[in-house]
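Below, each structure is written out as structure tokens.
Shared between the two complexes below is subunit A, which has subunit B as its partner in the first and subunit C in the second.
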Partner chain A sequence: MTTVQTRPAAPQEAPLPAPSGRRRRRRPKGLGSLPLLFVVSFLILVPAGFVLLAAFSVDIPRPGSINFDLTLQHLAVFIEPGVLRATVNSLIIGVSATLLALLIGGFLAFATARTNIPMRGFVFLIGLMPLFLPSYVGALAWSQLGSPVAGLLNIGMRDLGIDFTVNIYSMFGVVLVMGMFYAPYAFLLMHSSMSLMNPDLEDAAGVHGGSTWQMLRSVTFPLAMPAILGSALLVFTHIFENFPVSQVLATPGQIDTLPTFIYRLMNASPSRGNEAAVMAVVLVIVVLLVTLGQRRILARRSYTTVSGKGLKARRISLGRWRWPLFAIALVYLLLAIVLPLAALILTAVRTSPYMQSFSDLAVPGAIDFGSFGRVLQSDLFLDSAGNSVIVAVVSAAAGTLLAFLVGYTVYRTKAKARGALEGVSMVPLAIPAIVLGMGLLWTWLVMPVPLYGTLAVLMIAFVAVQMPQGLRGIASSIQSTERDLEDNAVLHGARRSRAVLSITVPLMRVGIASTFLMLLMLSMRELTVPLFLYTSDTHILSITIFDQFENGGALQQAAAMSVIYCLIMFVLSYLPRRLGSGGMNP
Partner chain B sequence: MRRKLTLAAAATALLVATTACGGGSGQSPASEAARNEVLPMPAQIDTSNGLVIDGEKIADKQLLEEAKKDKVVLYSGSGKESEDLTIARFKAETGIDIELTRMPTNKLSERVLSEHGANQLGAGVVRVTDPLVAEQFAERGVYVPYKPPSYDELKKGDNVVFNDGQYLTAYYSAYAFGYNSAAVQGEDVPKKWADLLDPKWKGKLGVVHAGAGGTVTALAAFQLDAFGEDYVSKLGAQQPRIFDTTSVQLEALARGEITVATLGFNSTYGAEVAGAPLKLVVPEDGISGSFNLMGLTPAGEKSAAAKVFINWTMSQAGQKFAAAQGFVPARPGLEPTPTGEYQLPPADSEQFHLFTPEDAAQRSASTIQSWNQAFHFTG
Partner chain C sequence: MQVTITNLSLAYGGFAAVKGLDLTIGDGESIVLLGQSGCGKTSTMRCIAGLEEPTGGRISIGDTVVFDHETGRSVPSFRRNVGMVFQSYAVWPHKTVVENVMFPLRMKKVRRTAAREKAMEVLTLVGLDHLAERGASQLSGGQMQRVALARSMAMEPSVLLLDEPLSNLDARLREDLRVELRHIQQERGLTSMYVTHDQQEALALADRIAIMQGGRITQLGTPEEVYASPASASIAKFMGVTNVFAVGEASGNEVHLADHALSLRTAVAAPDGAASVAVRPEDVVVRTEGSDGFAGTVEVCVYQGSSVRYQVALDGGPTVDAVCPAGPGALARGERASVEIAPESLLVLPDEVTDTPAQDEVAA
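And now, the complex of A and B:
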């Protein structure tokens, strides 16, 4: 197994920002935010700068051949046939799947945080579980389930004599899978916001004679707005630039999306990296505009819901809807977890990939569980699994810390750099991972520090790439946490750092824990960025599985490895849930 | 809460157990196949004075001793299944350690040029499937001249040695078609290229788009040259499922999602050996061939193991193993070696239509464009 690099990831070395905020008379405004801005900019803007340079330079800016001969000719890519169609497809998929994810995530968050749905703990787990199944693995499982000819669902229906064909290689299929596998992000963000909501406002609505529905509409949902908008932005941009799911499900149905189009440009021979970069730059601009719009909407009002007073969010009685709503949650569990995992397990144990009827499985020798044992004993798996866990834990911890520092500076201080800090932090969201991966490769090859080829470079890359997710997670928590308590401590003579550590951080522990959990899962799942950065010594699980599926023709081993991969993610997710046990468990 | 804790403990125990039962044997299925199934091991491997396999000298004593302490670092854009077999066989025949990083040629090229530019290219040997990429590597100095012991033999062939040995053709990839042997049997089995136009295959064909890499561009050029634009249009009208990579297509063929597909010979044969219900066809009206090129890097110049790898690849033993896997040997004058039940034509046969580096330079773009039009494909 590859050893961990002793050098800690860069963000941990970031100096603490000098929190200014209410103490601005005693501290120069925002000076402390400058070093933070430098660190974040270095992590994010240098790779992005390479991408920008690539968009407008004559040659691809590789180490050793960087020049500044600029041109606008790559813009011609926009008049290529197919670009418009791919953009429209991406928008349709992005919007529909985001709505689906918000609907699923919002429903589950509301049901577990605010209602008396049966088995709330279990429903909470249902909302979380798809996190253990990376969207790439989920898409592969669904291609096994729902491909029009040999899909397991279709074989099953033929067996039962039902004349209906599921075709997952369609717009519907892509939206369904994206929506289902991104719903947990919406769920996590909305759950922490809804469970921390101060019941006073709702009580007031009740006291003044409002119905439950009126209360929800005029108090609860508006208060959850930062979380809803935050998750919508997060989920939309994720889906908008998701490459693996589109590649596995949309491409076979001849549906081009922007990421698959960019991927094809990158993989054209010779590579058209310049044009891919041009398209990426436009994406950056679009997403920055969306972020700006979101800030504008949220800036108008205060959404504070957590204060020093004890609180217990009200639970709404569902009455006769309890069990039907529970059944809806079960359907989600079936589609997002049970069926995909069953398909993967079946793929892993079938001796022949070809199957016409489920009765084929009854033939002696048709099933062999040995693939799990072989995978578990292979050096490749053991090395990759070890590397994955190390990289994910370190980068999630460093990422959460950095996100907290940035989030605090942006939302709690008057630092001049805070607008820039937030803008820079959101940039990775807008750059397709496949392009940013290349920028990161160039950056760390050029840097005079020997990090390339080590696990540390993967950690740094993950911290940079996941900065937006970390910041959004922290932001929705920080915005709903009352600042007066911390300020009171400072007024009574505590140092600001002490006040933050002993008051704000504990108040935000749920938000911090869910941010850490989210980054951990994202790191475990991250595929596209490490695709450019991994070397033979730094294989991680996602890459190994991708390689086996995409390049290796080793479907059986890859399916077995995917199942074990999900299991590891499941185990890992317990750590942060223990940390934030107060609020993470409903 | 207690139940959750118990569950967490059980799951952690499982994770620890799975990680602890490690120290795996490292005996992959590939190494088993490389030893026995694909081709029996050479009759004679003599290491008493250097490395001599079946009478041919691969390395002298000093090179072999240095190589044994060293490790080959191979970056390859060639198919993963075949590279796994090749490195396992190399290890078995020479006893030298080898490590593979595999990714599609275009992605690999980006990576290699970037690493090379930063003086951090770790690979000793780089293998690619696109002549244009190899030429670019040569121009940028990624490849350095190296002459293996079989150099004089290799010089006798066309397009085997480039720039006085800066890079070599390791072997040729053959591209034809195949079918799912569980779904297609007897009279239904297609034999000629024209059979793919049979209406019964409408919607059941698979192809990889012509821009996906050197081998598929070569196939498109072969189809255009040999059967004309009309054939390609009609093939497009069959509404085939279009794939981005051969491996994913193979998987769909094995599952029966598609029934017939144009296929790379060696990767399909590898899947067939591994038990997938696939059969290949060597059509009499021609198969398409493309280049598999390799060269030594500046790091490889200092690596004895990398040199032995090139020597072995171009030796009779290495070329024979490539042929047994479904490649066409580049080294001229060798006895034909069958690929299982199939026999591929030699490189100089009329049946073998090679897409030369000149073709690649002059015709790649127009070929891809024609293909895209015929298949209504954007990319």
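And now, the complex of A and C:
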């Protein structure tokens, strides 16, 4: 696993006033870094190890029989005809949807950070809003809009006599939906890069003879390049490993991607877990390479130069293009938010699932808003929502605590294990959710503790999956809190633990609270990881919605539930922005 | 080329940064705008560069009017042929040194090889030819400053603007570069405008210094003039005169201090409305007790190498700063001393300049 030895920590409260001049300033030794490393590794590396083991052993891990008979026979899955096609499809979708996301995100970032587009605050929100809508809800909504026969868009066009059919169950549909729902990530990264640019660098181009266009071409865009590349790779990995959108939109169109292929292997009967594991390893390798590439690019070329003077990034006057460009932003809002939500609401209030024309809605009794009330009172919704809340709150709290312990050890102590601790905590970034889900399933089936089938296993899974996001949130807060303040408390006679609790934690309260809320939101929207772990007793909201849509029978409830779910997500995403000083506002 | 600024004003929202400023920079002349932060000096410079849109007035460079509020004419920055060295250097981090310097030439459609040749020539002048292929983000502050200068000189600007180019450097380097900058400016006959809040820098680099206060020029003159006879007490303070005392009453060649029972003799009759007297620390003579002058006690004594700086509390009077040559006979803290101030070194000044000086009379 890892080869880290830790020196036994010196007794912390040594009564001797250390007179050695060699180490004048003693750093706290860490809150027991080895047990911490053990916990984090167990959460993250063991599931990953199980996937690797399954890929090369004769049988999948089962309770009471982990077997180490190694074999290469499962590699045969590579010559199956579907594999190559799924890989190529995944790559095509990954690349084209990334380009689309960059185009949308880049356009909105440039428009809001650097131009005088009308209603800039609103356009900024347009760029952010799709974050509130989990991508699979977007996909489900678009399946209502764009299915070739019953899609609302197609019905509408038939009503208007337009002879054109949108088919969302296609490559085009998958790319469109993925691109739209991952655009906010690109938007946020590029927006901060473009608005932090030192305006002197651009002014210098103007003064030295460059026109506005030449300035953009030779200074502004090259300076934003690291952010553009970095967000491209980030978005690519997310899209490449995305399971639910492909499952909702690509599978009906007989298009396989790597994640849906893995899912099918797992759900085949008999289950083909070993082959799934082989495919998972391939997926991990691709994502790992891209992630490494992203880190290198971002580390090497960081041009974000912030000068001492007040920053006042120059805004380019768009002239007569102001309103046309604003209209483009509105089109994005329409496609990513307005139409999907409208489709969900319409599906939720429609009494009959069959509709030939929009005129059907005019018939008395065709629309019934009671479905929202019925869903809110249904056992299924109440159970899933209750489970979701319990799981999300517990896992966010545990995740925040663990992230704080790891963050403190990594950034505030000289513990030897801190490099390993940080590395292991970041591993889930490089492991696709579907793979981690498999690994967690096998891990907790095999473990001799009866956790499988309880909510606890979902909590453990969420803590493991969200470790990187939690650590990042805590790390930025820890790094901006001055260490001297805590050391000072120790100099004035407090024990280290006391100093942490009474100085550092209160100073970091905003950072800790927003990390907690972020984890809460991620837990509420996570679908792929619990997909292998839930049982009929442990439904959570995301799973319930997905199931109801997939099984087709309860379209109306599913849509109503989605709308309620979106409302919850919106509130949850709004809170951390209120807390976090609103620094993202333009 | 000659730069003429007429009645320039600039306001941000309700705040007037520049108020009706007039200034003519002669061809080949170096003007230094000297003032505290917020006095409008950088804003004035940015108006000339075309980075700010003035709210009134007229600017012409050579025979070309680049801005005229009356006619609404405003030549965009990139057509003004103005060079500018930014306080943050604004050297592009994604380009090499030579690419930075070639930029203005390429924008003028100079061919790549010719542009490169010219850029290398300018880089040699600033002593950076050996770093031409280095990435600009790997340079030290002093080197970046030279790149920024080379980049502006390569375009052969009609006027070169320098916005506190030395303020981010450490003291030693600052002095070296100051000499170098003055040398290049004079040798090349560059028309330049330099903005700073450092009076030493201003004295070293200027043909004429324009003191800016509250958005206008309150004194314009050669470094010698501004140094020897500041136009007001606030300018005197800014030029490093630490002994400034309020005047209560003046009669003939005698001024009485407002806050102390002490009177000083002046060389010329104090004008009406005299508000302050000022004397440079260098002009204050401190001797052992018993000599001519006011009696007092040494409170602080700071050894500065070639000189000693004293603070002497005069009996029944103010505390006076003095800078005396170091050497035998230096006084220690607590010792009694005599302080002499020659009448001709006393400046009798108004607190502030109320009317702006007529520019053309003091032209170089």
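Following the convention adopted for this analysis, the second predicted complex is superposed on the first by the 371 of 586 C-alpha atoms of A that agree within 3 Å, B and C clash if a C-alpha of one lies under 4 Å from a C-alpha of the other, contacts with A are read in each partner's own complex, and residues count from 1 in each chain.
Just so it is clear, a residue touches a chain if its C-beta (ideal position, glycine included) is under 8 Å from a C-beta of that chain, and two chains touch if they have at least 3 such contacts.
Remember, it's a predicted structure, so these values are computed and weren't measured experimentally.
Asks: With both complexes superposed on chain A, which partner does A:T251 reach: first (subunit B), second (subunit C), both or neither?
Replies: So A:T251 only meets subunit B here.
Asks: Go through the superposed model and pick first if A:S514 touches only subunit B, second if only subunit C, both, or neither.
Replies: The answer is neither, since A:S514 touches no partner chain.
Asks: Once the shared chain is lined up, is A:T528 touching subunit B (first), subunit C (second), both, or neither of them?
Replies: Touch status of A:T528: no partner.
Asks: Which touches a greater number of subunit A residues, subunit B or subunit C?
Replies: The partner that reaches more residues of subunit A in the superposed model: B.
Asks: Between subunit B (first) and subunit C (second), which does A:F570 come into contact with in this model arrangement: first, second, both, or neither?
Replies: first
Asks: Touch test for A:Q377: subunit B only (first), subunit C only (second), both, or neither?
Replies: It touches subunit B, and subunit C stays clear.
Asks: Given the touch rule stated above, what does A:W442 touch, subunit B (first), subunit C (second), both, or neither?
Replies: first
Asks: Give one of first, second, both or neither to describe whether A:S388 is in contact with subunit B, with subunit C, with both, or with none.
Replies: In the superposition, A:S388 contacts neither subunit B nor subunit C.
Asks: With both complexes superposed on chain A, which partner does A:N89 reach: first (subunit B), second (subunit C), both or neither?
Replies: So A:N89 meets neither subunit B nor subunit C here.
Asks: What part of subunit A is in contact with subunit C in the complex they form?
Replies: 198, 200-201, 203-211, 214, 218-219, 222-223, 225, 301, 303, 305, 307-309
Asks: For the complex, which residues does subunit B have touching subunit A?
Replies: 1, 4, 8, 11-12, 14-15, 18-19, 21-22, 24-26, 28, 73, 79-81, 84, 99-107, 109-111, 113-120, 122, 130, 132-133, 136, 180, 182-183, 211-214, 217, 241-245, 247-248, 250-252, 254-258, 267, 270-271, 274-277, 364, 377-379
Asks: Using the touch definition from the top, list the residues of subunit C that touch subunit A in their complex.
Replies: 49-51, 76-78, 80-84, 86-94, 103-104, 107-108, 137, 148, 151-152, 155
Asks: Considering only the defined contacts, which subunit A positions touch subunit B in the complex?
Replies: Residue positions touching the partner: 60, 62-65, 80-82, 85-86, 144, 147-151, 247, 251-252, 254, 256, 261, 264, 266-271, 273, 351-356, 376-382, 385-386, 438, 441-442, 445-446, 452-453, 531-532, 535-536, 547, 549-555, 564, 567-568, 570-571, 574, 578, 585.
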